[in-house]
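Letters A, B, C and D name the chains as they come in the text, with residue numbers starting at 1 for each one.
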Amino acid sequence: MLEELKLAVVDANKLLETSGLVRLTWGNVSEIDRASGIFGIKPSGVAYSELEPSHIVLVDLEGKQVEGDLNPSSDTKTHLELYRAFQEVGGVTHTHSVYATAFSQAGRELPCLGTTHADHFYGAVPVCRALTAEEVAEDYEANTGKAIVECFEGINPMEMPAVLQHFHAPFTWGKNGMDSVKNSIALETCAQMALSTLPLAPNLGGIPHHVLMKHYQRKHGPDAYYGQL
Amino acid sequence: MLEELKLAVVDANKLLETSGLVRLTWGNVSEIDRASGIFGIKPSGVAYSELEPSHIVLVDLEGKQVEGDLNPSSDTKTHLELYRAFQEVGGVTHTHSVYATAFSQAGRELPCLGTTHADHFYGAVPVCRALTAEEVAEDYEANTGKAIVECFEGINPMEMPAVLQHFHAPFTWGKNGMDSVKNSIALETCAQMALSTLPLAPNLGGIPHHVLMKHYQRKHGPDAYYGQL
Amino acid sequence: MLEELKLAVVDANKLLETSGLVRLTWGNVSEIDRASGIFGIKPSGVAYSELEPSHIVLVDLEGKQVEGDLNPSSDTKTHLELYRAFQEVGGVTHTHSVYATAFSQAGRELPCLGTTHADHFYGAVPVCRALTAEEVAEDYEANTGKAIVECFEGINPMEMPAVLQHFHAPFTWGKNGMDSVKNSIALETCAQMALSTLPLAPNLGGIPHHVLMKHYQRKHGPDAYYGQL
Amino acid sequence: MLEELKLAVVDANKLLETSGLVRLTWGNVSEIDRASGIFGIKPSGVAYSELEPSHIVLVDLEGKQVEGDLNPSSDTKTHLELYRAFQEVGGVTHTHSVYATAFSQAGRELPCLGTTHADHFYGAVPVCRALTAEEVAEDYEANTGKAIVECFEGINPMEMPAVLQHFHAPFTWGKNGMDSVKNSIALETCAQMALSTLPLAPNLGGIPHHVLMKHYQRKHGPDAYYGQL
């Protein structure tokens, strides 16, 4: 079932590696079919270059594995919590990409220092707190998802499709799996730019609000005019 | 019409990606045919690897789309302003390359710290101011071009084929599209070198004037002796 | 003899180069067959791309070359000391990868700043002291191995499969040759992440202990649930 | 004439690009035939991927072009001065590789911080002064070579096959062209390592002398035991 979705999940996971965002098997992408409430996700520990549609594990919104012989990504429950809470999200990506992970490890939000950032994220990318010892012991991956949802109280996840978890790494999302990978690429590049910008201008406050708004809106607003229709 | 120019625009845009200057679709190259006053530019949001000459959009110096079914780059009006004001310019490139963008975001000019820089840019690469809220609201991309032209009052654009727009990213230009991409590659590499040089010598003032002059002239002066004739 | 092992040693050494960990011939991998007490190691100074199983040098635990016409890696005696002292180790990798070598040169342990690190190394990666002039003169490579073993008194090498030798570079190990290369890749990436994290949070103490324990255990503990069985 | 040498010069120049040391056409390699006193060098401004043996320009030790239709590298007179002064040198490489150029621009010698450096360079890589206005005006490229030779008074160029020219970039040399490129790769990597090491240990003095001596000697001394015989 959902053969097209499984193929899309394969392609999105392969892009993770070819774009240089992951080393070894440190990342995973999923995509959901909202009609059936089922998402496909990368199996755990399988090399990207060897992924085939038949490897993709299908999971429903109760967390039940409905198809696939392999174990799903160990981060599956985090994806599940995000799909449950963020109704418009169609795809989720998790990586340990170097520069976004550096901000995560430092527990520092990624400030919006330029239009590259504003084209994708409407303001500073927030930091989600680390889990408590109790949350880790009880259900680590599900509680990671819940902590992200808690962090987004009052934030529209479609305007801010990324989060940096303290001591851990980024999660991004989007309209579908491929879109969530593109947001991971954007996040990593913006983090790299910020790491080079901060030593040049340590007290930089971020871009003027009218520039942020313009850039975000020309790509994502109701009158967006970037790309083809 | 202008089949050779369209092919040149395709090749120059593809080099943008293979040289590592762009991620996703964050960059565009155009080239102008001065005889007809028409330039060809990348369509918006199309992947570099899939570009074909028939995709290239032709635009005249009034900004009218004269050929092509796709929407031109959203930065087209900026290219247009540069072609109007800088009569000798034959090609324009815009990227969000990481290190040049870091200097743009920081609002710091790129100092001439060595001969690599002097071989391409006659002095420090200037920073163009950010637009006001009014300029953004009125016509963002055209006003970006006008701000660059304003910044170049008293600067010969053929001796300084690059600018860093504050909070945004670099624009470069040259004799033709491919030449403008080469200036983007040179700019990015010089920015990367500067980011590594500054921590080693924070008070470095820049290269001696006689070295700057010698290097720039041996590549670009009337008695240039670099390359083949 | 040991044809499979020689092929595995070739593959692991080739991964050293394709993963970007080595330049020129600055790295080597070995793997041991514990049943016979013989390990295979890269010959000295041979290009990775040209390696064939017949080039692999076989050495026993007395350090005697038992097969192969080429000289083994000049670091062979270091590998030998590690195999002698660390009974569970099945493969050893030595590289001069840039970021891990930076920590080695600085004589600073690599702190555990996030879960990427915790997934592979149970705590900070230790620094092994430089050799004395006497140890260098007597038997440089063997004494390097002995200094590492001395450094690991009280540390379980299977929980901490890496060391940074002061003024020199890292050594890693694992269940077999390929596993030791993967630990080199993990070490290099964690070192790169740390170099980007430290300027963002100079006083960062490292991740909470319950997060370290959780991540290490979910990949390596008795109830590990990462990957396929 | 000298067909083998021309092929070797082509291969060495191509390695310059495939190893990532150069962008555009910012680098050149030459190799000398000491019997005839003739060296072959890359033509100016030609793309590395298109180089063929027939493009290589042959020049004698008087600086006379003895074969080849193309203009030789604009740095030819610098190579010539090095061949004249350093009798044992068989090949010369010039690049603007990013990290070695950063040290050149900063006018800082590259300290010997570890064994990677000690394996190739016997101590800190020296900085050659910038030329005076008079030297630039008189004969820029020849005087660059003469300034390097002046800088090496009392230094054995075979033990220190590299120099960093202030405000400019590195030159390296070796037994032949390919060996000089390998020294460029080693220099660039050591410069990159140093740039990552210095923030971790700002007051690091360099490696102990007995470690430097051991590493240099095991690769280059009379009793060298690295590689195959």
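Going forward, a residue touches a chain if its C-beta (ideal position, glycine included) is under 8 Å from a C-beta of that chain, and two chains touch if they have at least 3 such contacts.
Remember, it's a predicted structure, so these values are computed and weren't measured experimentally.
Asker: Is the contact between chain A and chain B built from the same residue numbers on each copy (over half shared) or from different ones (under half shared)?
Answerer: different
Asker: By mean C-alpha coordinates, which chain is most distant from chain A?
Answerer: Of all the other chains, the one whose centre lies farthest from chain A is D.
Asker: Enter the angle, 0 to 180° in steps of 5, of the rotation superposing CA atoms of chain A on those of chain C.
Answerer: Chain A sits rotated relative to chain C by 90 degrees.
Asker: Please work out the Cα centroid separation of chain A and chain B, and write it as a whole number of Å.
Answerer: Chain centroid spacing, chain A to chain B, equals 32 Å.
Asker: At what distance in angstrom does the C-alpha mean of chain C lie from that of chain B?
Answerer: So the centre of chain B lies 45 Å away from the centre of chain C.
Asker: Find every residue in chain C that makes contact with two or more other chains and list them.
Answerer: Correct list: 199.
Asker: So which chains actually touch one another? I want all the pairs, not just one.
Answerer: Here the touching chain pairs work out to A-B, A-C, B-D, C-D.
Asker: Using the touch definition from the top, list the residues of chain B that touch chain D in their complex.
Answerer: 19, 113-116, 119, 182, 185-186, 189, 192-194, 196-197, 199-201, 204, 207-208, 210-211, 214, 218, 225-229
Asker: Would you pull the chain C residues touching chain D in the complex into a rising list?
Answerer: 23-26, 43-46, 70-71, 74, 96, 98-99, 101-108, 130-133, 136-137, 140, 167-169, 195, 198-199
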